[in-house]
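Each of the next two complexes has chain A plus one other chain: chain B in the first, chain C in the second.
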Partner chain A sequence: MAELWEVLSEHLPEFSSGLWVTIRLVAFSFVIAMVVGTLVAALRVAPLGPLNWIGGVFVETFRNTPLLVLLFVSFAGLRRAGVPIDPWVAGTASLGLYTAAYVAEALRSGVFAVGRGQIEASLSLGLDYPRTLRYVVLPQAFRTVIPHLGSLTIAMIKNSAIIGVSLLALPDLLHQARLVNSRTFATNESFFWAAAGYLLLTGLATLAVRRLEARYAIRR
Partner chain B sequence: MGGPQGPADELDAARSGIATLARPLVELRDVRKSFGDNVVLTGINLEIERGAALVIAGPSGSGKSTLLRCINGLEPIDSGEIRFEGRPIDYSGKALASLRTEIVMVFQQFNLFPHMTVLDNIVLGPVKAKGVPREEADRRARALLERVGIPEKTDDYPADLSGGQQQRVAIARALAMEPKLMLFDEPTSALDPEMIREVLDVMRDLAREGMTMVVVTHEMGFAREVCDRIVFIDNGEIVEQGPPDEFFRAAQSPRAREFVDKIIHH
Partner chain C sequence: MGYLFDPSNWEWLTSGNNLRFLLEGFLVNVEIAAIAIVFSLACGLVLALARLSKLRPLGVAAGVWVDVWRNLPLIFIILYLALALPEPWKDAYESVVPSFFPEALQSGRVFAGILGLVLYNSAVIAEIMRAGILSLDRGQGEAAASLGLSYPQQLRYVILPQGLRRMVPATVSQLITLNKDTTLVSIIAIEEVMRHGRTLSSGFTAFVGGVPAPLLQVFVFIGLLFVITNLALSRLSRRLEIRERERTAGTAGPVSGLEDQVALATEAR
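Presenting the complex of A and B:
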């Protein structure tokens, strides 16, 4: 027990800087996932075949490729092709786009849960299809899929751990824990604190989702 | 092209303006519509004069909703022609959206937007479809809520309102567009009996103020008291139409007769 606290206090700078890197990774990826996921969902539900197809290709590509492979291709692959890509860009883009595919599918299911009558009411007020999507359909879709988006965000926080131990070697929480472990050989303690850090983030995300749900739930 | 150039042009412009006003607001000529093998409208001819209140009656499944939905372009027609202010309906996206700022619809299930307050429901169309400034739209929305008798509900969500109140908000939302034609699709059919009156009262006032409206309803008391003409539809065709007192007293066709008898005996 004493050893647990000792490892933390002696290596606090590593752990806290690792946590901070993870937070930033997750935050950037989250923004990418939501923005791209929303755009792709809009493509998927657009009343135009070619747009649906583009959205479908995106979703199937990023959902059916292991995250580790995405990281490898976006980093090593591009570098080998002569593109000097930054590990931060490769990491957040990979995690963000990977998650975006799931966000798009979640939103798409939310869009289909919005009743036909809602769309007709909006069209009947002279809103065209894009405006109907923007003001009537997507806001309701978002609200119904908040819990689903919450689980995706939590999965994304956990998935971010792959980035630090992959060849991108960003100094995130798990990366730092491994470093501490290799110096101290206190394996249980090092990874205990890594786990605690991830738990803290997923716990905060859970709370945030609960509050969003309470605030934005649609009562019918 | 500039405006009118000389006296002759001006005269022409005036003539065509008068011609437009003299024509019915909406004209349907031999309108046909099928869903797959199901022929729903079998050649509808109908004129809706400016300021008229029409009631469309008929058994369920006879095509009443489909007819309304064709008039505001929610359903494209298979053949025939629908003219609004003399011009055939243009089914391109932009033209349809602009047509629908002039022809609004009130639905049986209200279809209020559950994620918006009452006020936001009402100003959405004016602000986003017509470009009315937000403050002006707000001001008009409040006045409309006053008019439909629920000024205190401005900031509530639809779920907090009774069915009758929701339908009155839906009517206010439609009125906010300052439409030339209002279509009502069984506006009281989803309401508890004690709330039907409050909605019909609002509609009656609208008709008296000269709003052009087409109302699909089973409320024959309303039809008798308010409308200028009853249009009776069965199996996708107009079987009979005429002023309500005539229709109720002496419907000509057996099908309309049967319909009237059923309603009078219930």
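Presenting the complex of A and C:
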């Protein structure tokens, strides 16, 4: 028990810098996932066949490929091919696009929950299709799928650990815990603190989602 | 783009036994996934029932267990187990694993990988199953009880068949995630498709006089293998879903199939 606190107090800088890297990774990926996910969802519900198809290919590709493969392709693969990609770009883009595919699917189901009648009403009021999406459909779709987006965010926090393992230039929480472990041989202690960090992040995210849900969510 | 589709960069696929080497690695992933799926479903059901148990302490204990394992990164669990699993456990695994299993599955290390996959996925699946059971009308269980069925009989004949059937799509999408997550065991040095891909693209083939295998193309190909398998799985699940909806006359709502469907299902209760 004493050793548990000793490991934390002696290696606090490592753990806190790892936690900070994890938070930044998740934050950047979150922005990418939401923006790209919304665009792809718009493609998937667009009234044009080819656009649907492009959105579908995006979703099926990124949702069914392991994140580790995406990271290999986007970093080592591109580097080997002569593209000097930054590890931050490769890491957040991989995690962001991977999650974007799920976000797009969630939003699509939210859009379908809005109902045809509203879309038709908005179109007959003279709004064009992008405006209908922007002002009528998406605001409601987002609110319908808040719980869904929340669990995707939590999944993203967990998946960010994969980035730290495969891209050594990004020393996230898990990476730092492994470093501390290799220096102190206190496996249980160093992994305990990393677990505490991850549970803290996922716990906070869960609470935040519950708050948002209570305030904005639409029950259907 | 030109680089990606340049035929000379794809020559490795047909030369020597490169393709076979990759597919052999992929087979190890499929086998790990199969083992993990069987145990995750079984343990998930046990955990879900424990969590719903009328015995309060058991329910609370199962709840804490599930919430801890499903909120930790899987890669974290696997790495930790690989480091911290007692040697006797690994030896015990090595002595019970059937000899017809491939070589990559014989080592004790793979036990850490499979155990990690099962711990994580059984917790997630337990939540899915619990949500499925809770989504049933209370009356179902009460009616069964008033007909004189004991609690195990109620579960067996009334509650589980309906509750679990509703959650088939969500469970399948979690199993697809599990299938993708088998690549994570490459981190603990198990010779599966990621490791084989790295060996292929290490420049070794060119060194022994073969065609160089560029890393980008090798891993795009590996990604493709997963996309094909997972698409097949999700097609199968969609067909099941449609068949179910026809049989149960549209009572089951459409489920788009995402990890942690649970949140939606439990909150909307």
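Just so it is clear, the second predicted complex is superposed on the first by the 215 of 220 C-alpha atoms of A that agree within 3 Å, B and C clash if a C-alpha of one lies under 4 Å from a C-alpha of the other, contacts with A are read in each partner's own complex, and residues count from 1 in each chain.
The working rule: a residue touches a chain if its C-beta (ideal position, glycine included) is under 8 Å from a C-beta of that chain, and two chains touch if they have at least 3 such contacts.
None of these values were measured; they are calculated from a predicted model.
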Partner chain in contact with A:L174 - chain B first, chain C second, else both or neither: second
Which of chain B and chain C A:T184 touches, first, second, both or neither: neither
Partner chain in contact with A:S124 - chain B first, chain C second, else both or neither: first
Which of chain B and chain C A:S17 touches, first, second, both or neither: neither
Greater chain A contact set [chain C / chain B]: C
Touching partner for A:N52 - first (chain B), second (chain C), both, neither: neither
Which of chain B and chain C A:T65 touches, first, second, both or neither: second
First (chain B), second (chain C), both or neither touched by A:T38: neither
Partner chain in contact with A:R143 - chain B first, chain C second, else both or neither: first
Partner chain in contact with A:I162 - chain B first, chain C second, else both or neither: second
Residues of chain A contacting chain B in one complex and chain C in the other: 219-220
Of all residues in chain A, those that touch chain C in their complex: 60-61, 63-70, 72-73, 76-78, 80-82, 102, 105-106, 108-109, 147-148, 150-152, 154-155, 157-162, 165, 174, 178, 181, 187-188, 191, 194-195, 198-199, 202-203, 206, 209, 213, 217, 219-220
Of chain C, residues touching chain A in the complex: 3, 68, 71-76, 79-80, 83-84, 176, 180-181, 183-184, 186-187, 194, 197, 201, 214-216, 219-220, 222-223, 226-227, 230-231, 234, 254, 256-260, 262-264, 267-268
Chain A - residues contacting chain B, complex: 115, 117-118, 120-129, 131, 135-136, 139-140, 143, 216, 218-220
Complex interface listing, chain B residues touching chain A: 72, 74, 93-94, 97-101, 104-105, 107, 109, 111-115, 124-125, 128-130, 157, 159-160, 173-174, 177
